[in-house]
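Both of the next two complexes hold subunit A, though its partner changes from subunit B to subunit C.
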Partner chain A sequence: MADNSTYHSWLNEKRSHAWSVYQSTPTPTTKSEEWRYTDLAKLFPLEQITLEMGLVDSTQRPNREDLIEATNTAGRIQLTDGLVTNIQVDPAVDSQGVGLDSIQNTTHEKYQEIIRTNLCSHVLPPESGKFQALNAALWKDGVVIYVPKNVHVKMPIRGKHTLSTGNSAVCARTLIIAEEGSHVSYVEEFHSDDFSNKSMVSSSVEVVAHRNASVDFVSVQNLGRGIFFQVAQKSLVHRDACVNTLNVNLGSSLSRLDLNTRLLEPGANSKMLGLYFGDKDQHFDHNTSQDHLAPHTRSDLLYKGALDGNSRAAFRGIIRVHSGAQQSDAYQTNRTLLLSEQARADSLPNLEIEADDVKCSHGSTVGQLDPETIFYLLSRGFSRQQAERLIVLGFLGDVMTKLPHGAFRRVVKNVTDAVEQKLRHG
Partner chain B sequence: MSNAPALDIRGLSAKVADEEISILKSLDLALNPGEIHAIMGPNGSGKSTLAKVLAGHPSYQVTGGEALYLGQSLLDMEPDERALAGIFMAFQYPVEIPGVSIANFLRTALQARLGRGEELDLFDFQDQLLEAMKLLEVEPSFAERPVNDGFSGGEKKRNEILQMAVLKPSLAILDETDSGLDIDALQVVSNGVNTLHKENPEMTILLITHYQRLLDYIKPDFVHVMVDGKIVRTGGPELALELEKQGYVNWKPSS
Partner chain C sequence: MPESKLVDNLDLDNYKYGFVDSESHVYRTKPGLDESIVRDISRQKEEPDWMLQFRLKAFKIYESKPMPTWGGDLSDLEATLDEIYFYVKPQEQTERSWEDVPDKIKNTFERLGIPEAEQKSLAGVGAQYESEMVYHSLKEEWASKGVIFDSIEDGLKNHPELFKEHFGTVIPIADNKFSALNAAVWSGGSFVYIPKGVHLDTPLQAYFRVNQEKMGQFERTLIIVEEGAHATYVEGCTAPVYSTDSFHSGVIEIVVKKDARFRYTTIQNWSNNMYNLVTQRAVVQENATMEWLDGNLGSKLTMKYPSCYLMGKGAHGSIMSIAYAGPGQHQDTGGKVVHAAENTTSSIISKSISKEDGRSTYRGLCKVHEGAKGSRSNVECDALLINDTSRTDTYPYIEVDEKQANVGHEATVSKVGDEQLFYLKNRGLSEEEAMGLVVRGFLEPIAKELPLEYAVELNRLIEMEMEGSVG
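Here is the complex of A and B:
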């Protein structure tokens, strides 16, 4: 049993430091290049919510039990208002030394050590930005996933975040460490009711894939309206390792995602997939970066979305091939389908290349439903609504077919159902 | 109703919807149930426009005349209503639908033909689809490909007839289905159409083509020549041979 009081005071020191960073960091405005499409002062004035740093000591230990049901799941973890409440792990996975635990309340010495080495430091330090600092100061709990050397966790681990009330800032952290030659996939979902008062949900995700490890990370956001969903995700990919991410944005009123993958050593590769469907007055802002820091690295980004009503999406993506990162392949594509006259999409793909022997491409399109395609479907007996639904699902579904494993069948089904739901009400 | 022509077009005129470009100019054409008709005519004479007007394409506006399908006026019907009533058009240029597999597309199209609350029997559907794929000599994996996405010209045309085989229309309008097919594919596709016609002798077919070659495989009862938006001559299969030799010089509009 680890000494929890030193562990907790270490965590609190990190929080206090992050809080001072937060206070000294100005709130981003549209004057900054990275925030030009999202006017926080108008969409979500931070002054309107109460943000207070509080030190956290032992909170309630989550329930922990064996996962007995024969599900296609290696483990499950549930968070309510940012606190881990339940953990279930497949005993077979547990016995391989795979860790799935609460960051705040783990009593496991190994995981505490992993957290001390990695949390809020070399991956996503509070200095990364205003919201990264805010999350690092205000988080009360989060998920740590640790996969020992050469262990392959076949089925995905699932995380579920829910909110009990609005009017709060809920900050959660996720830390995934995959040791050499290991494999894990984690699927997290965010759900809540609609809230009339402004609430914020903040998620900071740190992923480290050591040599030859592979991590698949899927996040599905279907929060209620009234919520500002703020995400910072950063992945460090070592030699021959692979980190694939899929971020699905369906809910909330405003969402801002800052996603960065760093390919640190030769052979590192990453697929970054994204999918969004906006309606009414939803506003989604994606800010992505692909950093190639070593030769023979590969990244492939594909973000696709559909926008209905008055919704709006912005995409700002950058590929940075640093000097010396020869023979790297880097791709970036953003496509948006506008379903209404009022919807709007801005897309700004970017390249910064300091090596001369690389393959890079970037592109973006914003288009409407093609009337010839609609007519083709009508001429086969589809109703206009069915035709639009099929085209939109086909357009978006393309992203999900790029998920590397069949293990995500349930995610694909859930996302498809959720998109269909929105199409019906749109 | 039973002796009504499958398609009865009287004095049909049509123009481009938002421009003053007349294309169909008082066109007359009648097809009895079960007959096979071919329309030939120079580029730009309005053959595809006729097909699209019959299918209800919104780019064209009917400015006069009538089109009756089994005695029922077509022109007020929505495109999807016409399809559900049994009209099928194979497109000269089929569109691509990324991310939608042929199987999913056809399943949804058949489901749309059922009433509310009725569920398509998936086993029956599988059988139907397999049978159609066998008829068109395509691999079973064909059905998993997204509709026309990345297809060769010939594959697109095969896919049109595959759809026809599954949807089983009572009036099929095939717009240059033979263009872009190599000789083997032409035989397969023609054989497919002939088999469907044999299975359902009541099915009426309107072939639009530039090539007499197609009519060696699919024997038409009548051949029509269309020039400048109207039918200028009607005859038997021998008319196609004559056209092949002489071209359309004799029918160029006198202007």
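Here is the complex of A and C:
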């Protein structure tokens, strides 16, 4: 198809440009404020994996079929080593014009058009940082979700990323465009075995919610050890639109998330939720920002985590209320429980406020299990282990209750099970 | 909006200490800084060789360190530093009696109310004019108990061993660019020694005045509080308003020994052309308490983060600060607490007001080292914004390496609410009274900790500016 080859050469041009940005961008060190708590040179020297720019000529269409017995899912998309292999869509949803496709191999002109307008450009350009550039250069495939005007996709779309080999860098992209008045939710999960070789999984997520649209985005990461999980997520929220995100980090050896929500017009709203549980020598680094660029915007961030073993977590969040963004409400909370002597937490919740008529607050705590609560549970006949388990689950569960009920029941269960498993081995 | 008109009159920056005396000095170095100036300062002070070597080493470190890129805007500072006088000697020696201070300088301090304050309620007073302490005195009652309150130069001359044991130990030369600069060119400041078990029931006060245009003031203070001793120290700062920028960079080192208690209060009211970059740190030993009370009202840019290093079990550190950032001002202030021993506790309370294009920044660190079991820390920051061009930032660094510790941080940002004003007006208060009441209420938790005369002064400043705002 002639049309497709121009599309593919356009994608490859974008990749080449991103590669040159990557090469000219220095690797972040702890000298930079944003990488203060994560020493990449020590934790994951980039030299130890092969990073080579190769132009992608894959034109293999993924298997595509109708989703049958779709009681709680609108669609499924499966990625192996960053390549979309299977897509299933509920025919009812498909008939409404909702797009769920591979970015690399879509043949749909409408989606190609959407991708050309939005991918790696105004949302998350390669110039955003070293890893944003790396992903934009090395991605082979990704997920595009397109929701037409006023279409409500009731059940979540599910994405599943798996990894077959180590010693590589797998880069995937996600692009979600919700047109005016539409609604969609997307749940992605990352799973893999443990790898003795170091590998990297990179995910770049671009979300645009147009006027009055709403997007829920949930990401659950339970990758094996040996992996550096690197995420850049950016959401653009237009007038009266809403983007809610939940990022759950349980797996990998090192994870680094850069999350930015930009509230562009009045009425824009975002809830940013996060949950992490570290054990052994895991290292989690969250770098979040909430940009209020218009009046009457609202954002609310809650990140909670528990750390066991030698694990370490850093949280660096910033609320920026830009000049003129009056009557904005912005909140930010980070709470970390330390479960072991060797665990370590660093928290840096920042505020930069340039408008006077705002409601802003942030809070951060680092602490241990409350001895009185444990004592209370012990006196009610629980064993110490049971008591601690209950407190940790209750502490973290607080984040999960902020998800809309019903649609995410399975996510909540999966995450709870994974946390319990970690607690048992802790 | 009547309110915006009203808040224009909330004016702490109507600067009443901006008067200028004609220049009077017996010696000064040429503008700018090189090694010969460092040597010259040391020669003028007839220092022992180790101090000269200390200064030269510090000068090298200063030159090798880059200008900080965080915090306030220091882009014009490099040029300013080439023009200022690093050492200006106003008179030959530090006087013990107020009568011996030259009339011109005496008049300045009398206008600032210093001798009056001494007689009323202070244990001792020091006054620094340009680069030197021109006056230092301590009430006989305290001198007889072994309290030392001297200029830092006299401390070095008269108590060389005590001095050398502690000098530069709390804040090493290389701590930051400006602590290195201070170590190279320091001049003036106090040397304070409170012997074991002595309880000073009235404060010691030091007053800092810059008169010369394009002046750099680098006072250095060393305070040693022996076991079980109690004392309070107050410093105040003012300068005339010039069209060119001046520079003040002090280093304050404090050692608070076992069971001792010390409070250091600063009311900084420099003119709005002053760069004020200060390093203040206390080492707090077992069961001792250190309190910083920090009021930043003046200066063009202040970067100052009083710190407590809690080194002994049960040590407590407290930092309370008020910042007021008026037009053109940036107050980049906060505090640092480092928990390095078991059962140490700390609290930081910070309140700031930003008006017009003023910017106030809270920047703080709370670090709990591994092994500091049972440590607790709480940080609270409240910011009040008066205009839609005002700005506030909060950057609290929290680093916890110990499981058995509890650390919390909270911050809020608000403006004076229409409803608050409406309620108070309903109760018969005028708008300006209501505004003053809300602002005073906001500052109250810290203002009440200030020495009485400063609390009164702060309230009076706010109240005075509320008057006459009705057109």
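Going forward, the second predicted complex is superposed on the first by the 421 of 426 C-alpha atoms of A that agree within 3 Å, B and C clash if a C-alpha of one lies under 4 Å from a C-alpha of the other, contacts with A are read in each partner's own complex, and residues count from 1 in each chain.
Here is the rule we use: a residue touches a chain if its C-beta (ideal position, glycine included) is under 8 Å from a C-beta of that chain, and two chains touch if they have at least 3 such contacts.
Because the structure is predicted, anything quoted here is derived from the model rather than measured.
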Inquiry  = A:Ile391 in the overlay: touching subunit B, subunit C, both, or neither? Say first, second, both or neither.
reply    = first
Key: When both partners are placed on the shared chain, which of subunit B and subunit C touches more of subunit A   = C
Ask   = Can you pull the subunit A residues that subunit B and subunit C both touch?
value = none
Key: Contact footprint of subunit A on subunit C as seen in their complex   = 70, 368, 370, 383, 385-415
Inquiry  = Looking at the complex, which residues from subunit A come into contact with subunit C?
reply    = 33, 323-324, 326, 336, 338-368
Task = Would you mind writing out the residues of subunit A in touch with subunit B in their complex?
result = 370-373, 375-384, 386, 390-391, 393-398, 401
Request  = Report the residues of subunit B in contact with subunit A in the complex, numbered from low to high.
outcome  = 55-58, 78-80, 82-84, 88-89, 91, 94-100, 104-105, 108-109, 112-113, 146, 163, 167
